[in-house]
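Labels A, B, C, D, E and F are assigned to the chains in the order they are written; within every chain, residues are numbered from 1.
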Amino acid sequence: MTLIAPSILSADFTRLGEEVKAVENAGADWIHIDVMDGQFVPNISYGPIVVKACKQVTDLVLDVHLMIETPDARIPDFAKAGANYISVHAEACPHLHRSLQLIKSLGVKAGVALNPATPLSAIEYVIDMLDFVLIMSVNPGFGGQKFINASLNKIIALSNMLSDAGSNAIIQVDGGVNNDTIEAVTRAGASCFVAGSAIFNTPDYKTTIDGLRKLSDKGKI
Amino acid sequence: MTLIAPSILSADFTRLGEEVKAVENAGADWIHIDVMDGQFVPNISYGPIVVKACKQVTDLVLDVHLMIETPDARIPDFAKAGANYISVHAEACPHLHRSLQLIKSLGVKAGVALNPATPLSAIEYVIDMLDFVLIMSVNPGFGGQKFINASLNKIIALSNMLSDAGSNAIIQVDGGVNNDTIEAVTRAGASCFVAGSAIFNTPDYKTTIDGLRKLSDKGKI
Amino acid sequence: MTLIAPSILSADFTRLGEEVKAVENAGADWIHIDVMDGQFVPNISYGPIVVKACKQVTDLVLDVHLMIETPDARIPDFAKAGANYISVHAEACPHLHRSLQLIKSLGVKAGVALNPATPLSAIEYVIDMLDFVLIMSVNPGFGGQKFINASLNKIIALSNMLSDAGSNAIIQVDGGVNNDTIEAVTRAGASCFVAGSAIFNTPDYKTTIDGLRKLSDKGKI
Amino acid sequence: MTLIAPSILSADFTRLGEEVKAVENAGADWIHIDVMDGQFVPNISYGPIVVKACKQVTDLVLDVHLMIETPDARIPDFAKAGANYISVHAEACPHLHRSLQLIKSLGVKAGVALNPATPLSAIEYVIDMLDFVLIMSVNPGFGGQKFINASLNKIIALSNMLSDAGSNAIIQVDGGVNNDTIEAVTRAGASCFVAGSAIFNTPDYKTTIDGLRKLSDKGKI
Amino acid sequence: MTLIAPSILSADFTRLGEEVKAVENAGADWIHIDVMDGQFVPNISYGPIVVKACKQVTDLVLDVHLMIETPDARIPDFAKAGANYISVHAEACPHLHRSLQLIKSLGVKAGVALNPATPLSAIEYVIDMLDFVLIMSVNPGFGGQKFINASLNKIIALSNMLSDAGSNAIIQVDGGVNNDTIEAVTRAGASCFVAGSAIFNTPDYKTTIDGLRKLSDKGKI
Amino acid sequence: MTLIAPSILSADFTRLGEEVKAVENAGADWIHIDVMDGQFVPNISYGPIVVKACKQVTDLVLDVHLMIETPDARIPDFAKAGANYISVHAEACPHLHRSLQLIKSLGVKAGVALNPATPLSAIEYVIDMLDFVLIMSVNPGFGGQKFINASLNKIIALSNMLSDAGSNAIIQVDGGVNNDTIEAVTRAGASCFVAGSAIFNTPDYKTTIDGLRKLSDKGKI
């Protein structure tokens, strides 16, 4: 199973409803919502108001990536706005187990996002709680970056770690995922792919998503 | 002169472009953009991406209210995205003079926003730099609050303070401004009025804005 | 009216219930509870668990002085534990109006505490919300300090400020209040006196409290 | 050797001295003192004043668990108040080696506490300094939680890690330790058990402590 | 009396001893040491090690301006290194009275520095403790700024405020003080002048200092 | 290859230029510059101004060790001042990959510094970016400490880790490196040695550096 998750960060915000509907019609599986607070990362993007707007127009999974400090204080807002999946950053969560517990207590699927330098030991003792793991393959909140190759080894190691633990958690990858990289990323073990400009900056979303899916399929063989 | 500044916080975000265009056509003077980071205030709203979207569809003044920590780090992003006016909170700016200097150096009009409890002495030594002052008449970032009556005395005192200093800075008011309060607020000395749900939750924006403007006019006599 | 508020910071914590009962029987009016978090002030004292213990044994007013960072997050715990009065520090509250609103919304009397250097302008626009003002006449959280004489002028100025505003807020004083200072402090305009070691380190609480009250009475004439 | 460490968080604070004496008489080995600052964890409990009160009435080991930010600033206060063992949280100590050095320099036994999600690699290079390790089997500072089963694997791994390093550090466990879990926790390798309500909310402390000890003994075989 | 205080920020740091000696021989009254921590201001300059180096070569007053967060933690280091005067920023001191008390307890003269936007009410209740007040006439820690004209009114107001209080505190001014501004600044009421590049970037320190002193003298008449 | 890197923290700051020149003439390989901000570590040392001064007098590698919070904000200043190598602390960098990327983008060699307790997993996924790794063998920012023996095992493990990854990153050691320890440290795998007082507190720098180099050579066999 390949999950394509367009990030609306690259959508046209004057007509967000249409954009979300368009990627849904083009075969997107999840809608990825990048939440940045200008503190954990050096940019402010958007919050629950945008999750709520997406919810109004689509039944797709809303997958909310919290690139924020002190996420526990804001998680209930995102759950209420309609988030189906929420990931928090290990680097922002001294009480990571509690943050995941909170997400799950609200009926939302829980994930941990890991910055490029963060080791997998950060999630060793919460694997049984995880619905997904988000491997950042660029540094979150900074623009114009290329796929970090060291991410491939991390995805392979994570894949083994999850197998060993009997976990079915989805491996999601965000950053520089495109036609050039998706096959290798799939081969390493990922099955959910976040793509922003690689989708929204192309003229025909369906062709793009189909193309990504086909290349991902090649990585599975 | 009365300036009506609809806050898009209450707009329909699935079709933000249309909403902004609609209030422009209905006679709005400024578009007010409430930026919240979840740290200075307990909510995350949106950042430069939404300023940029507004810029694409309107030539109205984009008036950006930064309810954020460490605003200096983010001010250039907002200027680049198309902000015409930027206000920072005195409570978040230990180097307030520098923050205003930075805004002005980017060719943007500069204002200071004051929380309900913050005294006017906070702006005493920067009056000559101010294009506007934003008096918060509710607590920023918290929903469902009524107009704080003590704000009227603050507006009167500010009005006198500006006159004494020979300043033409605009007095802007945000929070609970509606048909019941706008006349008194105008009488106290304000001329720019932020209104969110009081505009966007009504069926006919033009009727609403005209109504607010008329009631404000009564306060000038 | 003179209110004597023994601070349990100097009580014998092995038998707190008895100590509270003893000062109640000795004629104390309020029980003053100094909450320190080791961050706003360089000491950790105690929290809701101690408020709750006091509530079990006395019907006196429990007056909770929050010397803590981000008090809004903890105020509900103290209200639930039985606090009747809660004061927050202006220096720790960028959203002071909101903090007071929160206290009052929980059915608790609200006050603002001011550090020795903090000017009265800090409360100028929240006077109508105040049930009491706590003037610190030593630096909170540091031991072994003497009454700061500049506090007298501040109390006099506050007294005038409250009169001018038609406020009945109580002026409470904390720090170095004892037989040598209480008359002057009363004369300046205070009516509620916090005393810790000046009460608990004496052999007969009743004699001590009666003595303080008498000296305070002299200040009223 | 089984060490039962009643946490006074569940004791009757109106008569703390009696409560401490009662668990001592009931066979408790250590008195566990949970220090929370409302910043590292969302609750404020108590500080040195309570350690000092315990010291007045008992000769048992006072075992102080610092759930606080910037513990180095407060460690000397706790040492002076009578702490015999102090644990700091790895998540709150960027200079963990230094924090342990500081504790030991004051003649106090030093431990590291690990949140449920924190990996054992956090203590890999300080094992030789450790007198004990505190494995949190619930999230510190949050009420009403159950024993986290993933803790058992962590205790087993820690037990091996200590053996390999030739360390005699005690493994202490805190959270959800009761008649249902103590046998398994002992079997995993722990020998010191913190219990709060599981002791103080029972009518006869001696029966309870004896019961816990017996069940723990079963885990040793 | 005019005090010229060259700031070594503009000295040649390869031979600091000679530079300090040179301005001493040229008639400087104080040596001004700008301490920046990269947190309170966006630059790191230097700390006690440089104070100590100055102490080795001169008997002039060492005047240390702490542009740092949490100064109380570092004040003893600067006192020990040889500081004769220490100023702290009101904006960095929630417990300003305590910070001043600490400086004085170490036998050092105490001052408060005020950012350009900070009102004089910040020092209203600590005037009796002040040996000097530092009025920033540029924003601290940012380069290439001109003298802020609004500072003149602040100096005049401060001068009156000190007279009214019977205080002999010295008014020190830092930022853009040079041949063009020193006369007006003196006339406004200042008597101690910090100058960095205006002294160290000139070929003959004595001529420069004499020139500044003469221009200052004109402002006194 | 043995690299001796004298730390100017122990140099005579009245004549820094001479001191730097003296160690250069004595055979030093790098100049080590310890930057402390008083926040990440409890001391303030110096910043770019001192790097710039060193650059004026020597062509040796300037190796800047940033013991500071939020280093990304200051890295460009140090690059511009002439740093050739910059290390950041893993404990201060939630976005470690990004910090290294930033250093390298400025044409500077990049390293990670690890506190004594920090595990090697912190650098597992950035090895390919590293020009050097700084193993702290004392706690940074605290004076008067001895070499921590557990560092030897860490250096051995790091050495293996780098070999396995095919990395040529230099292993640098800082803290307690002197005649008694340098042989063992070299044997463990380090090749770059920071020494402060061990060099600058001796009468003849050349003899000292030669001596260290010879002892290090013994560790290579």
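Please note the rule applied: a contact is a pair of C-beta atoms (placed from the backbone, for glycine too) under 8 Å apart; a residue touches a chain by one contact, two chains touch by 3 or more.
In UniProt terms the chains read A, B, C, D, E, F = Ribulose-phosphate 3-epimerase.
Everything numeric in this text was worked out from a predicted model, so none of it was measured.
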item: Pair exhibiting more inter-chain C-beta contacts, A-B or A-F; value: A-B
item: Equivalent interface to B-E, taken from A-B, C-D or A-D so that over half of the residue contact pairs match; value: A-D
item: Mean-CA-position distance for subunit F and subunit B (Å); value: 50
item: Between subunit E and subunit C, distance of the C-alpha-averaged centres to the nearest whole Å; value: 38
item: Where subunit F touches two or more other chains, by residue; value: 119, 121
item: Interchain contacts (touch definition) - all pairs; value: A-B, A-D, A-F, B-C, B-E, C-D, C-E, D-F, E-F
item: Residues of subunit C that touch subunit B when the two form their complex; value: 93-98, 100-101, 119, 121-128
item: For the subunit E and subunit F complex, residues of the former touching the latter; value: 9, 12-18, 20, 35-39, 42-50, 52-53, 56-57, 68-70, 73-74, 77
item: Contacting residues of subunit F [partner subunit D, same complex]; value: 40-41, 89, 91-92, 115-119, 121, 139-140, 142, 148-151, 153-154
